[in-house]
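Order as written gives the chain letters A, B, C, D and E; numbering starts at 1 within each chain.
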Amino acid sequence: MIVDCAAYADGQRCNDGPMEIDHALERAADDDAFVWIGLHEPTEQEFAAVSSEFHLHELAVEDAIHAHQRPKLELYGDTIFVVLKTARYVDSQEIIELGEILIFLGEDFIVTVRHGEATGLHDLREQVESDKEMLKHGPAGVLHAIVDKVVDDYGPALEGLDEDVAEVEDEVFSESSTNRAERIYRLKREVLQFLKASTPLSEPMQRLAHREHPLVPEEVRAYFRDVTDHLARVQDQLEGYRDLLTSVLEANLSQVGVRQNEDMRKISAWVAIAAVPTMIAGVYGMNFEHMPELGWTYGYPAIVGLMLLVCGTLFRTFKKSGWL
Amino acid sequence: MIVDCAAYADGQRCNDGPMEIDHALERAADDDAFVWIGLHEPTEQEFAAVSSEFHLHELAVEDAIHAHQRPKLELYGDTIFVVLKTARYVDSQEIIELGEILIFLGEDFIVTVRHGEATGLHDLREQVESDKEMLKHGPAGVLHAIVDKVVDDYGPALEGLDEDVAEVEDEVFSESSTNRAERIYRLKREVLQFLKASTPLSEPMQRLAHREHPLVPEEVRAYFRDVTDHLARVQDQLEGYRDLLTSVLEANLSQVGVRQNEDMRKISAWVAIAAVPTMIAGVYGMNFEHMPELGWTYGYPAIVGLMLLVCGTLFRTFKKSGWL
Amino acid sequence: MIVDCAAYADGQRCNDGPMEIDHALERAADDDAFVWIGLHEPTEQEFAAVSSEFHLHELAVEDAIHAHQRPKLELYGDTIFVVLKTARYVDSQEIIELGEILIFLGEDFIVTVRHGEATGLHDLREQVESDKEMLKHGPAGVLHAIVDKVVDDYGPALEGLDEDVAEVEDEVFSESSTNRAERIYRLKREVLQFLKASTPLSEPMQRLAHREHPLVPEEVRAYFRDVTDHLARVQDQLEGYRDLLTSVLEANLSQVGVRQNEDMRKISAWVAIAAVPTMIAGVYGMNFEHMPELGWTYGYPAIVGLMLLVCGTLFRTFKKSGWL
Amino acid sequence: MIVDCAAYADGQRCNDGPMEIDHALERAADDDAFVWIGLHEPTEQEFAAVSSEFHLHELAVEDAIHAHQRPKLELYGDTIFVVLKTARYVDSQEIIELGEILIFLGEDFIVTVRHGEATGLHDLREQVESDKEMLKHGPAGVLHAIVDKVVDDYGPALEGLDEDVAEVEDEVFSESSTNRAERIYRLKREVLQFLKASTPLSEPMQRLAHREHPLVPEEVRAYFRDVTDHLARVQDQLEGYRDLLTSVLEANLSQVGVRQNEDMRKISAWVAIAAVPTMIAGVYGMNFEHMPELGWTYGYPAIVGLMLLVCGTLFRTFKKSGWL
Amino acid sequence: MIVDCAAYADGQRCNDGPMEIDHALERAADDDAFVWIGLHEPTEQEFAAVSSEFHLHELAVEDAIHAHQRPKLELYGDTIFVVLKTARYVDSQEIIELGEILIFLGEDFIVTVRHGEATGLHDLREQVESDKEMLKHGPAGVLHAIVDKVVDDYGPALEGLDEDVAEVEDEVFSESSTNRAERIYRLKREVLQFLKASTPLSEPMQRLAHREHPLVPEEVRAYFRDVTDHLARVQDQLEGYRDLLTSVLEANLSQVGVRQNEDMRKISAWVAIAAVPTMIAGVYGMNFEHMPELGWTYGYPAIVGLMLLVCGTLFRTFKKSGWL
């Protein structure tokens, strides 16, 4: 689906609503003007017109339609092809929802293809259109704006993860100490997936920031350096979570084990306490003819008193050892 | 066994059925023509004719006959020697079945040697023959087609693994929580084996994609870059599985331990409950002459009632603590 | 908040109290003079004057106001932008408190922006002002003094960690052997955070030490090499703690498990000892008509003696096996 | 001990039996001829003659006599000094027995020094002597033959390990599930030792294969590339074993734990079953005067029946839960 | 404290006892002569004379007095500054005792500063003085002699560790299987500390061996290469120990756990055996009026026989399952 299509010149949008692609191209034929076409999960047919117009490489086009790529930046002749992964944290399910944005960048055009719902580009376009300076940098300026937005959107996703990691930590070390293995494992899984979506982007951004490329003007490069820096922080955090979750999984095992063992010890201690009067009663339940105690007037209360005494002593001893 | 042998010129197969090798070679002596010989687990004798014809290096020939190589790309003079590992997931046994394809590439010939059953090349040859463009790139075009097919075939193998990993996860965190250590271990073993078969291919593909080599035309290089990218995704996935399976193995240990401890706690709690009436009964089984309760008319039901009361209280307490 | 502002020339402060920024700048227009402006958590408005005066890059300005950066060094045109993380160990809570210092360095100015409380720069300024040699090196000399102070302040933080790690080790291997999982985990968390704050600083310091930069005079470079060396030691230590804490967490699990098992064994052994007289008593509590022992005069004491003998033997056996 | 000494010219051995060193050297003074001296654990005295003759560097000589080196390749002036580790699997003890071969290579001589018994060089010499082509490459040809043999001999050692790893896996996951920790640990230890013996060889072999050196003719280089490839496979395997053994050690812990817990659960379940009739019997062993059931004609069989019923029900319940 | 000070020329010591520094310097003003000053934990005052004489850099001087550096090599103008860590194994405490040697090397002087007791330099000086060849290489020859000695001294420390690691292994897998967690952990801690003291030395030694430096003559370089090789072996070993100790810690946990579980199983089995006669006795202790067995003449011995039979059978069954 073609979401929007417009030509930009002198840092301004040339038309109000979406333009026909043909008109936009005509308009962009001028110096310093460029076209920005935005697509959302296009069919092969929808994309064919665009790709033939800009001579996009067949391999990149295939990637753009089928998505599920790794983040990357490829050069096909004069065209730059960039794949980005968007991320959104769905708190109710504790999962990272990934989307994909694919970008074709030429001298006077930029084509953006979006898959999945995570990050919309509509607001971004409005924002870019209001920033004359950025628009003047041409397609590279738009590229930076998109990459910056995608990486900025990693922030809230990280915060979502952060909260859940903190929550799970508290649960593991709380008094109740129920088994949190599954939740920890699922969180770790999300962290690994997020890492896979963000880490490979680092290298291409660095290339944009440090190597000369005719499509990326000198003054835009510093902005890509800034993106690189953001990405490095995202990775630092994610790798931190991975480490922490691994440790928490181990700690969880230990906490649950300790707690269960305490329960067992408590039950066993009670059984041990009960075993003593049973034993004493057994002795006085024997049928010997000559057991003088049995004839005593206060034999019974004395023995019951003995039982209580022994049990009480045991109870106090166990209490002191922390077994009860 | 020689499976097929044909000469190709101007993007077309020159003969319908398999040709004699000699005829094919004569035909390929022309400009722009080349021979494609396909072999399946050839004996030393069968291979001798081919290797002497194309002056293949003795070390490469030895590798080609005995197989069990690592994926690699070697240059012997003007010949490129490539080793590929094919992979197929046998779901019934949950194993990755590996095969091997060895390729000799010269200016006007390509010799493919297949070991094992995993990936057949017959369909591929038909497909290549129908793609005039690729054929026009000569042996390098065929090489790409084969590598591309092999790496594409990793896809279904990965999906098979993915399903089994998800299955094992669900089993581990399910209520029943039986011990899944063996299955997890076997899966991990397969993942490691798959990694060993695919990871080393990355470097040679990158060399084909980025360095100039007279046998690989400029326009084919982008295609090898695409293969590199596919391989990177395969590795990302496999390393993800390795990480996850390691965590699942730990989680499994914890889950099974927790479950077994719960069982023990339950049994012990019941034993503890039974110990109380036994103790009380023991007391009234004592043979003291002076035990006033024994003479009471309602002594027996009162004591039985007491037993039931104590047991009931214990039962409720244990239930509340989650021990029963 | 502007904390201090002064111009320096010939290794001396030109004014006693804080100067107006404008005056300072006029003064610094001379050769060899420079301005040092110190800010503490400035608002956007407060910073605007400074940043426009020195033509600071908008990206760096944004970083300076919002803080929460990774340690880094960036070049924006003729300006060097450095981000440092300060660290302080709060022993009562066993946490590393991080602060941030951001520095803009130009030919004749240095602007320092401090966030958080960890490391104050007031004492440092006095110290720098009393060191004529360093001041003569201009802004780069001041930069070194700050970086040196920040890295030196890592020392006490490390010592704090060191003590707590040693403490936790002793606790884990002590007789009492209570569960220390949470404390170990929290310490590890702090170590990871500290690593994240200090490790990335290494690379920029090395760049200052080894690459030529017009703002950093030859003779100052050796000092940055020294800082690099300090940082390497800090990292060695932190990575050591990470390793040790991981091992301690494991050892803790093992120690607690062993201790709890010992308790269980002890209780079970006592239950086993009690089971024997209960069994014997049970036998002589049977109501058979023909049980000759029951009629013996010394049957009762003999049997009680037997019980004591058996229990005593069991007790000694268990003692010898280390079960009691 | 001097094992053999011979001069070779035109791809042929010049003498049948061992020659005197002096004669051999005279013979080798001719063009294209070279000497091969084979030593086995030489004393300092035995080696002095050789080392002074060929001006071997004192550091290399020291290494050659005392052995226990890492695999390495060093250049001392015009002499190449190579250290190789041989490996042999002693199945009865499940250990890797390491030996050492040290080689001095000059323009017209090769001196081999062998320590330990693992790989003999006698058969190898015969084999080399029968391969005229290789001999024509001079000392470098012999060097390749030795390295190739040493690395080839890693194969059987790996197979031995492979079998034992597979065996230990089967044991761990078998029904009997006895504790295999020691065996796994010992195997891992051997794997680590083997890795240490083989991994460092990789880098020098790559240097021989890729960099020009006057002593290694162009056409021999491809053969060293082949050795590199073999070594890479050996390492892949060993690292695979290391990974697997780590996982097996964990799985073993889990398997043994699970099995032992099952035993405990079974015993406890039986104790629980026995507790019920004991309790019922206790009740009817009480001495109350008014217990109507005691007077019933069928009271006894009814109660015994009740006991059997309860025990049977418990038994079936436990069986269903998998506790028995 | 100044330990010794002497001038050397033509491979000989110029004076017998320690010289005054001033005299030594005069003497060293000649060509080819140099001074070697040996200090032990000097005070700032003691060191001031030396450092001003040779124009040592203030940063290096600071390091030399306060010690606790990482091993490193720095160039300050024409002076080389080297920091070495000495290691000694104190077997009684199972710890690695680290010392420090700091060396300043100029064209005609070498200053050695020793901290801690580990490695004395007195014997070394005598040894160097008796080796004319080495002395002729000037300060660089002395530097090599010291480094070589320090690294050689790592050998006995490694052997000490090796023995203790082997001992702990045997203990863990022995029959008695007491908990060795603390000892293993302490050993690992020492290994990590040793690694930290030796690993960073590798890189500077390689620089001395491979890069040209005016103070290090060509023929001395090979000797530093040898040191590099030694260091590599030390690291291989230490990393091996680290790996092994990690595995042993895990194995220890498993061994102790298994052993304790066996104890528990044994105790539980005995309790289970005792439960059976208790139950039977309970049945015949019931007070029913109609229990025909009670009247039988041989009822009592028959029941006791039954008890023995059941217990015997249980005993044999448990024995067979390996529970007793």
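The working rule: contacts are C-beta pairs under 8 Å (C-beta built on N, C-alpha and C of every residue); 3 or more make two chains touch, one makes a residue touch a chain.
A quick note: this is a predicted structure, and the numbers were derived from the prediction, not measured.
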* To do: Using the touch definition up top, find the fewest steps from chain A to chain E.
  => 2
* Can you tell me the C-alpha superposition angle of chain C onto chain E, nearest 5°? -> 70
* Could you grab the centroid distance between chain A and chain B? Build each centroid from C-alpha atoms only and quote it in angstrom. => 26
* Counting in whole Å, what is the centre-to-centre distance of chain B and chain C, each centre being its mean C-alpha position? -> 41
* Asked: Could you say which residues in chain C touch two or more other chains, in rising order?
  -> 250, 253, 257, 261, 264, 268, 271, 275, 278, 282, 285-287, 291
* Footprint of chain A on chain C - complex, ascending -> 57, 59, 69-70, 72, 74, 76, 179, 181-182, 185, 188-189, 192-193, 196, 200, 246, 249-250, 252-253, 256-257, 260-261, 263-264, 267-268, 270-271, 274-275, 277-278, 281-282, 284-287, 291, 293-300, 303-304, 307
* Contacting residues of chain D [partner chain B, same complex] -> 169, 173, 222-223, 225-226, 229, 232-233, 236, 240, 243-244, 247-248, 250-251, 253-255, 257-258, 261-262, 264-265, 268-269, 271-272, 275-276, 278-279, 282-283, 285-291, 321, 323
